[in-house]
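Shared chain: chain A. Partners: chain B in the first complex, chain C in the second.
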Partner chain A sequence: MNTSHAVRALNGILRREMLRTLRQRGRLLSAMVRPLVWLAIFAAGFRSVLGLSMTPPYQTYVLYEVYVVPGLAAMMLLFHAMASSLAMVYDREMGSMRLLLTAPLPRWYVLAARLLASVIVGLPLVYLFLFVARFWDVRPPVFGYVAVFPALVLTGLMLGAFGLLVSSVSTQMENFAGVMNFVIFPVFFASTALYPLWRLAEAGPVLATIAAWNPFSSAVELIRFALYVRFDPVAALVVLVCLVAFFLAAVIGYDPGRGLWSRRGGEG
Partner chain B sequence: MNALSVENLGHSFGSRRVLDGVSFAVAQGRMCILLGRNGAGKTTLFSLITGLYHARAGSVHVFGQAMDVNPSAALAQMGVVFQLPTLDLDLTAGENLHYHAALHGLDKASSTERSIHELERLDVLDRVDDPVRALSGGQRRRVEIARALMHGPSLLLLDEPTAGLDVPGRRALERHVRELCRERGIAVLWATHFLEELTADDDVVVLHQGTVRWAGRADRLAADLGAASTAEAFASLTGAE
Partner chain C sequence: MQVLMALLLATLALAVPAAAETIYVSNEQDNTVAVVDGATMTLLATIDTGRRPRGLALSTDNKMLFVAEGDDNRIGVVDIAEGRVVGELPSGADPEFFVVHPDGKRLFVANENDNLVSVVDIAAVKVIGTVDVGVEPEGMAASADGRYVACTSETTSMVHLIDASTLKLVDNLLVDTRPRAASFSPDGKQLWVSSEIRGTVTVFDTASRAQTGKIEFEVPGIRREGVQAVGMAMSRDGATAYVALGPANRIAEVDVKTLTVRRLYLVGQRPWHVALSADQKRLVSANGNSGDISFIDLENQEVVKSLPVGRGPWGVVIGP
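Up next, the complex of A and B:
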């Protein structure tokens, strides 16, 4: 693999992701409406129920809307990652995954390029959401929008790598629908996206422990701290380690010698 | 040197043996028909040749490059048309070709030049800016063949390319590929279960229940088996009525 070949392939994969995303307007619209519904309806309702104490990185008491926005940004990335891996399962059933895997490039590189392209395509919507959230008085410092960029990229890559792993072990679309239910909802609800850890601890120590160990919580906290120009090194480390672990497992899943594909076959 | 050489290839999914001791070769510039009924193992064989997964036993060489040792070098010389359509329906024919060219490391100028050339060659240049969704089945197949030729491969693999096409569509596609084989010296491996896609000069490999039952020139198939016709010979090889 030479460098110009690698760069051209990455460009090609990125371009395809962009064209596909722009032409699927329904998916774009629902990706944007989903967090706004949570913010405008769910958060408004919970605002009176949930009193929040001061927790870092916030230096004062904050409204529930302010608390929930980083979690919703992470949720957007989670849905995007799962939709993207759903597309990979679809690609595989429809065969276009074969095209990608028969490119004369190392397989890990092709998968990494696909992952990176998917994250890049997903980011503008998250930024749009963060700006729209200003109308709900969620106004982090201006530099926070810059500081949150690496946090969003890292989170997107980690969740995308997880989706890649899910797609490598999921052989059919039907299985995948189940995976969506068993993955997205538990991952999202058993995290600090909607409630701070001390609130969850009040509800039950088991739930609090699960949320504390959930890498998605680390992703949410990484984004939350970054948005207020603070760095959470533990969260960053957890997200990074998970990214590497998920990606390596996904590469093994797609390995021609070891992957599940070679054992199960599937197509005739 | 052979364009493709398959030696003693075997594969199973769990306890189900799908391919067993499969050996054959495709010479440069030759048209080889891989003939087999549904479930004979043709698609698994294609998956192994294209490196989608590794064979449990045996080896695949493409112009001397071993598929499990240096897959990139082997894949660079290979153009593939899969059984299932693999075009992005939301993208135009041209965009699909450019995507493939990028995966093979072609720059923008040569990608544009080659896409025009190949689409024109296959009579679908007028549809270059149309979304694939708007194309007919036959046109989509031709766009897929144009795409497989973008990087100038010396070996073209087609897995049941005529599936789902009407008779004139099948004939046209077959004619196009035979011309490619003749004019550019591209070796072709064409998997099918339609006997009428054979001509006397083709090389034939008959695959049945995962093993090679016969291999040789098409015009010798009937005589070799003492059958009255190719169809009868094929029926006796595959145990059909």
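Up next, the complex of A and C:
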């Protein structure tokens, strides 16, 4: 593959993603409203609950609104990744995916370009949410908004790769919707997005252990630390390793010769 | 990357206040005074004191720190330079809180169990007078001109105004239930008294002794009984007052002119007392139940850090 070809392909995929996302007004709106509903209504009920303990990276007591924002940012990326992989399944059913994969470029490159494009398209909304959260007095340091960028990209890629993997094993849109419910809710709720680990440990050691091992927790903590200009190396490593693992599995999954796709006799 | 690092360092440099000051916190249950560096917000040392240290005050020359050692019935004297207790002053029984008179020579001490205010001559190391006040005296304040000393009595629910030169009671004013702290405005024209049970602050005109206002506090999500007004501090320009709200875990910022609450700061559990830095840019609260102090950046209106200092932080003062 030569570079100009690769860049052109990436550019094309990116523009296609952008146009598609911008055209889906309803999805854009719901992507923005969803975290705000959590912040404005769900978090309101827990307002003073967390004012009682300090967990890093916070240096003092924080209101629940402050605690939950990084988790909600990660939730936006999770929903975005799942919607984007739903679009993959749609593309596959419509045949445009086959067209894309027959391009004279390595399969992994096409998938990576698709993944990157999806993350780039999803990020502005997350930033918009972080700025709107300032109205709820969630005011991380200004530099935090810069530092959180790589954390958001890494998280977006990891979740996107996971979405690719899910889409590679689901043959039809119908069962994909089911997969989403089975994926999004456990991943989101059994994590540190809504409650810190010590509070989950109070509820039960099993839940706390699941949350501690849930890669989504690492993504949330990576974003949380970055937003307060701190670096959580363990979380970063977990997210990176998961990204590579999910992506490799997805590339194998999309290989007609080897993947589950062909084994199950699904149509491409 | 270098640019990023430079930016990061610049941000950190901005975040650290330049003021070199030291914060002293009495730990009621540890029998210590914690010494905290104001610039780095780290614990420097803890000084052993007598039993149940609560009220704290610096001498007018900032060289000595007086600590009310309630269960030892005395006032400990800490030499700031040496960082240890070097002497003691008599105080009458169970001193809880006291104030250094602006003349720098006398302490006015509330004796909780004896319904007295004892006047201590620092140089002579003896009690030179007592004033009978209501039951369970607690809060003490002196007007900046040194003319008046105010004392609150918790059970009588009164604030007693004492003439500092004649040591006679000038007036007794009824306030809301269980008054805790008293504070004169910097110009001495107003006297503020906080009520723990009612969760209010009553404002009096010092000259006429007429009540001129009352501040009520509300914290969203916290029952009314959970909002109690205790320690107070007023800015030097007399425009802003800060009131610790006890079990509500908040410090209220009050506009003195309109007597309205501007904002609430979330701090550790059960703040008792607060202190303002000399540059008036920072407030520190001593949080009794969570064993820490909270630093509030008043310019950016945010709580920047809570630092564990010991068991039962109660009083707090800021010195150079």
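As a working rule, the second predicted complex is superposed on the first by the 260 of 268 C-alpha atoms of A that agree within 3 Å, B and C clash if a C-alpha of one lies under 4 Å from a C-alpha of the other, contacts with A are read in each partner's own complex, and residues count from 1 in each chain.
By definition in this document, a contact is a pair of C-beta atoms (placed from the backbone, for glycine too) under 8 Å apart; a residue touches a chain by one contact, two chains touch by 3 or more.
Just so it is clear, the model here is predicted, and its values are computed rather than measured.
Asker: Putting chain B and chain C onto chain A via the overlay, clash or fit?
Answerer: fit
Asker: Figure out whether A:132 sits in contact with chain B (first) or chain C (second), or with both, or with neither.
Answerer: Touch status of A:132: no partner.
Asker: Should A:169 be classified as contacting the first partner (chain B), the second (chain C), both, or neither?
Answerer: The answer is neither, since A:169 touches no partner chain.
Asker: Between chain B (first) and chain C (second), which does A:24 come into contact with in this model arrangement: first, second, both, or neither?
Answerer: first
Asker: More chain A residues touched by chain B or by chain C?
Answerer: Comparing touch counts on chain A for chain B and chain C gives B.
Asker: Classify the contacts of A:229 with the two partner chains as first (chain B alone), second (chain C alone), both, or neither.
Answerer: In the superposed model, A:229 contacts chain C only, not chain B.
Asker: Does the superposition put A:146 against chain B (first), chain C (second), both, or neither?
Answerer: Second partner only.
Asker: With the two complexes superposed on chain A, say which partner A:59 touches: chain B (first), chain C (second), both, or neither.
Answerer: A:59: touches chain C, not chain B.
Asker: Which value in Å is the smallest Cα separation between chain B and chain C when the structures are fitted on chain A?
Answerer: 33
Asker: Overlap of the chain B and chain C footprints on chain A, residue-wise?
Answerer: Touching chain B in the first complex and chain C in the second, no residue of chain A appears in both lists.
Asker: Within the complex, which stretch of chain C touches chain A?
Answerer: 4, 7-8, 11, 15, 220-222, 249, 266-269, 290, 294-295, 302-306
Asker: In the complex of these two chains, what residues of chain A are touching chain B?
Answerer: 1-2, 4-5, 8-9, 11-13, 15-16, 19-20, 23-24, 94-96, 98-106, 110, 256-257, 259, 261-265, 267-268
Asker: Taking the complex as given, what residues does chain B use to touch chain A?
Answerer: For chain B paired with chain A, touching residues are 11, 13-14, 18, 38-39, 42-44, 47, 50-54, 68, 71-73, 75-76, 78, 80, 82-88, 90-91, 95, 98-107.
Asker: Which of the residues in chain A end up touching chain C in this complex?
Answerer: The touching residues are 47-48, 51-52, 54, 59-63, 139, 141-143, 146-147, 229.
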